[in-house]
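Two complexes are shown next, each including chain A; its partner changes from chain B in the first to chain C in the second.
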Partner chain A sequence: MIKLIEKIEGEAKLNFNFKDAKIDFVDIEFMSTRNIENILKGKSAFDALVINPRVCGICGHAHLIATVQALENCYDNLELSNKAKIIRELTLNFELIQNHFKWYYLTMLPLFGQKQQVLKATYPSQLMGKAIALFGGQYPHTSYAIVGGVVCEITEMDIIKLQHYIAQTIKFVEDNLVKIDSENFLTCKDADTLLDYEGDLPDILRQIKKEKLLKYGKSYDRFISFGENSYFKKGKSLQTKVSHNISIEHVKESEIPSSFAKNVSFKDKYYEVGPLARAMVNKTPLIADAHKKYGDSIFSRILARVCEISQLLEHSKKLIKDLDLSEPSYIEPSLDISQLSASGYSAVEAARGTLIHKVEIEDGMIKNYEIITPTQWNLSGGTKDKQGVSQKAMIGLSDIKTAELVFKSFDVCSVCTTH
Partner chain B sequence: MKNKMRVLWLSAIACNGNTHSFLNYPFLEQFLDDFEFIYHPVIDSHYTLEDIVSKEIPCDILLIEGAISKEFQRADVSVVDIIEKYSKIVQKIVTVGTCATFGGIFRESGYSETSGLHFDQDKPSERFHDLLDKTISVSGCPVHPEVLVNTLYAIKKSAALKLDNFLRPKEFYAYTIHNGCTRNEYFEYKVDNHQFGELEGCMFYDHGCQAPFTHGSCNKILWNEVNSKTRAGLSCMGCTEPTFPKQNLFSTKKNMAIPENLPVGVGKRVYLTLAGISKAFKIDRLEKKLFDD
Partner chain C sequence: MKDNSLFNKLSSRLDELSNLPKLDDEVSISKLIEEKGFSRREFMGWAGAMTSMLMLPASFTPLVAKAAEMADRLPLVWLHMAECTGCSESLLRSATPSIDSLIFDYISLEYHETIMAAAGWQAEQNLEHAIEKYKGRYILMVEGGIPHGQSDYFLTLGAHARTGEEIAVNASEHAAAIFAIGTCSSFGGVQAAAPNPTNATALSNVISKPVINVPGCPPSESNIVGTLLHFILYGTLPALDVYNRPKWAYGLRIHDACERRGRFDAGEFVQQFGDDGAKNGYCLYKVGCKGPYTFNNCSKQKFNQGTSWPVQAGHGCMGCSEPDFWDAMGIVHEPLGNRLYHTAFGGMGSDATADKIGRGILTVTAIGIAAHALISVIKKPKD
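This part shows the complex of A and B:
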């Protein structure tokens, strides 16, 4: 049976095969592509900073940061101030947070039979948009991160405004999502104690438990995360065994005949990316506990994503304290891009997981550009013998409604996938 | 129940940037009280996309996001067919963003005959000629949420909107992005030593800023209610115009050291003469740091 899954920043077609009234195999098809990689070819390298945020309206900032880092990777000895690094990390954090709110209130709640809460999605997202705009001028679609730093200079007054946006967002979390002090939420090590709290998150977690959905959504229990910064670590986690020694060389993209989305594997195996993967690699106690009790199920996946909101808000507060305003925002590269022929790559953690950009430049012009998006990792459509992460997570379910919930628990981004 | 205006938000070849820009509108509660989406890419609606393409759902305004090509389908139906069906029953059509208006970035995405609804860049396109009277364009990549929402309210009120040659409401597009930029003085007095990462300086001379010849209200109606790209120190990329995206966006194209594109309506000879005179001001305040020790 074919079902069109809508409102995932586009659509995907899921073809469900049933055997003995249980899902036996799901074919995932994305129906279009926008050929961004081709659009980039032959353009001046810096223009990628303007074009690439337009890969995606909801996580375009991650594409900007991935682009600037891939371009900077083409240089030898490029200088970057700590201030610029922190500012970039902050704005990327804000975009992740914005995504998580939208996913929870717009996508997840309706799947649990609740009314979509548009204003609860947009109120904190707008605050995070303001926080990005403070540095980048606007959100979505700024190109404020350029090779050598960021275009903006910031003042103490900007920092004060920024702290207000963050404080107001934390207050929203404490008044709505999980009605406890954020610091207590972040130090909580027992996933079951969350079930005793009030708030939109505990409500859903209780519902998962009550409706016996705790075992749903399990896949390979294999996680990977390549984007490193002051908060996220690079590494993979096989069940709970974490190793940090992984190389992007082993990431492979391959075409599939049935869909416009390409498969992505690491050493020939499919891995889950996203907040749950990041928390497993980072060994976040609360998520590790949920995983110990409920595995890589929708419970752990939902909790990890929502929990990341509070983690990143708190971490952003710390990052602001590390900002030294006397440092330069931008250091002009000593080599003009038109004299550069090189290749570079980057990996950043976008809301939905690892985003990889690879670029080849010849005399400052783009010769080749490759983008691997998080949704490609999670939704790689394998064959029956070698299923993708989300495909495997839907096997054995008896109805399409639950399968849709499992599928959307990966926070699918169709536009990114069809870049 | 209140009589809400019914709106169909149709995405063609798009990044959903306008969808998410719209979600930044500060008074969404009010908006959703006055308008109902029969379909929207992320907001729940009474109908599914499959309903929209297979039936004819009553609708008052058709919003189109993204570049348009006959080849591009939604729910297995060509977006051109969907547009043709709904354009007949709606009062107004709004092309939301630069792709839907002029083709934009995704004009180059490789689908046959991809363009905006009425324009292929700045060339009028014949395809939907009979819909010209119904259409309003709100260009921008993305469109500013207030520009979109207040245009919809103007439609609701049946207010007479004056439109420019590209069907854009003059109320928003008669201005240039340059109007209201906090860096204006560096432009006026020709202080041309801008470096990225500073509060001072104007990006027009070297860094490709298109604000003086790009139409829009970015520095009049601020983004996210707090800032604009040029205020932050990023060049205006000309994203509301049919030419978006031009090439070499971070550097100013010059002929004999004179910027090739001058402010709207300004002749080269006059510009040269006055620029020379303006430079003579040598205003100390603008030559040094804004927050001087």
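This part shows the complex of A and C:
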């Protein structure tokens, strides 16, 4: 018997097919589109720096960084100061961090029967928003990164403020999320010891264990991550076997007739992207341990995302130490964009996973622009024989509530998926 | 000096509001704020800041505080259309530290998809329920542009797959006041940029009732909150400019209140990002600042709790609160004045708007800008 139940997620529609009281197939459909790629065509290349952050107000900064890197990739020998690189990486880190807080307190908690904690979501994300605004002037939607560097000329004063925002955020984590010293949390290698700690994260992890949800949400155990920087590595992981030799050439987008979103695959296979994928490729001990014990389940997925908050905060502190304010923020490209006809691409790790931009320029004008967003990877809607990552993760569950939890553990976002 | 007649008018408006039923009898906004850890003093400090933003004398602070406490008499319906959610994101990080978001969160409980846990059927029922229950009393805030006419299927929402246009028209019918939040909903925004593939348009083009535009991409949190408080206080629509923007927020050009204005007047320009001028905070006109053509209060209110704003960070204003800024403002890092000054805004130039708010002062600068920037130093030709 097949039962059809509809459920909306933002602007995505899930059609659940039941067979013998278990979910047999889930059809995912996106119902809106803004067609940004068409708007970019024919515009001057630098305008993409202003338009693209507006693809998504939730991870707009990743779109800015992806845009600037794709444009820079069009140049043969573009120079970039270390300072500009570090600043861009910092602001992107902050965007990831604030996203994870909001996801945890606004989206995840209610799924475990708890109340949304609006203030716990806004307080640390406000701090991170301020940290981005120090460099970018505002958040969301800054366009402070430009081809050749960044526009901001920060001072020692700004650095002090920045360090203060980071320290306050770390304190928030230690007072709420996981009530131990951040350093201990980061060096912890055993996922089970976390269950003995106090805090909002251990609470949920314990609940997962108590309610016997540990085995839920498993998918292909195939992970991929293309965005490389001083923290994240590029690579794929198949049942813990990691290889770093992957190329964007093998990433393919294909249309789905029923939906405005497009499917994304690598060498014809669907891969999971996001914090769990990054941790698998990076071989983060704590997450590797969780994966060894509980596979690619919601337990590992939730832990990986929250854990990334502390990792990135810590890494950002290091990056700040490497900042040399006397370096130039901007180095003028040797060729004016109006004389450039070339194509380029970029891959950036956004909050939800790998974001890819591809651009073709002719005499400084955009001829073609392609955007592949993280949620497209995770939510690719396949057929019954070849299911997408999140589809597969929901198969066999017997109720929609758990399916919703599994689905949302991917931190889905329909905004940029239907750009 | 205290304007007694205005003070009395606003007080009696608030008294009237206090007779309306609350969202929840058990909860009061002042208690809610207290429970979340804000002292009365902090709350009054916040109200003071709001008062000055709304251009009221400081003696009106108690009234503004009371208005905030009355917010639960006028529930809020917030609709998401074709957009990036940047506007509601801006609000989530709203000011000092979170009194605004608390109030918004509380009064828009009925239907705010981003914050709300309910989804699907539940959410849609909440919306219908809210509209029915608070008929004629709720405030409607719409974020995002609306795919229009033949193209309306580009945005379908909810379990019944109703088009965005239908939902907006429906919700506007019984709203006490309607606000278009952000440039998308005010003027069409990014998705309406040429060639406007989804035929997205402004809220005011699909409904027949008056719409107050609160543009900006995103608008600052304070302009969103200020708009709400203004309506609670006055009960009428605020004074508007030609583009239906509240004058208290959009009455001045960015250029008029810019901290780099002195540099502009002195002819000190950043010629290129990263040069000495950039390090010394020179005027950004020549690297594309559209501040002289843009009406908004960014330099005063700033973003992210007053942390900064684009010009402070060293990037020119891009004119995001002006109609069609995507297409009318030209290339992002190029000055508009060198080429196209009078063709901005469909040939009207910003004089059209300047006209409404006092031609005298503004046109003098307006004429001067392009010439002034040209004379001082010729922009370095790139090879």
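To be clear about the criterion, the second predicted complex is superposed on the first by the 409 of 419 C-alpha atoms of A that agree within 3 Å, B and C clash if a C-alpha of one lies under 4 Å from a C-alpha of the other, contacts with A are read in each partner's own complex, and residues count from 1 in each chain.
Definition applied: contacts are C-beta pairs under 8 Å (C-beta built on N, C-alpha and C of every residue); 3 or more make two chains touch, one makes a residue touch a chain.
The shown structure was predicted, so the numbers you read here are calculated from the model rather than taken from an experiment.
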Side-by-side fit of chain B and chain C on chain A, or clash: clash
Touched partner set for A:T142, first chain B, second chain C, both or neither: both
Partner chain(s) touched by A:D336 [first = chain B, second = chain C, both, neither]: second
Contacts of A:G60 with chain B and chain C, given as first, second, both or neither: both
First (chain B), second (chain C), both or neither touched by A:A279: neither
Partner chain(s) touched by A:L162 [first = chain B, second = chain C, both, neither]: neither
Touched partner set for A:I208, first chain B, second chain C, both or neither: neither
Those residues of chain A which chain B touches in one complex and chain C touches in the other: 6-7, 9-11, 31-36, 38-39, 44, 46-47, 49-51, 54-58, 60, 102, 106-107, 110, 116, 118-119, 121-122, 125-126, 129-130, 132-144, 146, 148-149, 151-153, 328-332, 415
Chain A-touching residues of chain C, taken from the complex the two chains share: 36, 82-90, 92-93, 97-98, 101-102, 105, 113, 115, 117, 119-121, 123-124, 147, 154-159, 161, 164, 189-191, 193-198, 200, 217-218, 272-274, 278-279, 281, 302-305, 307-315, 318, 320, 326, 331-333, 382-383
Footprint of chain B on chain A - complex, ascending: 4, 6-7, 9-11, 31-36, 38-39, 43-44, 46-47, 49-51, 54-58, 60, 84, 102, 106-107, 110, 115-116, 118-119, 121-122, 125-126, 129-130, 132-144, 146, 148-153, 155, 161, 328-332, 415
Chain A-touching residues of chain B, taken from the complex the two chains share: 11, 13-21, 23-24, 26, 28-29, 32, 41-44, 48-50, 72-76, 105-106, 108-110, 141-142, 195-199, 218, 223-234, 237, 239, 245, 247-250, 291
Residue numbers on chain A that touch chain C, as the complex places them: 6-11, 13, 31-36, 38-39, 42, 44, 46-47, 49-51, 54-58, 60, 102, 106-107, 110, 116, 118-119, 121-123, 125-126, 129-130, 132-144, 146, 148-149, 151-153, 260, 328-332, 336, 404, 415-416
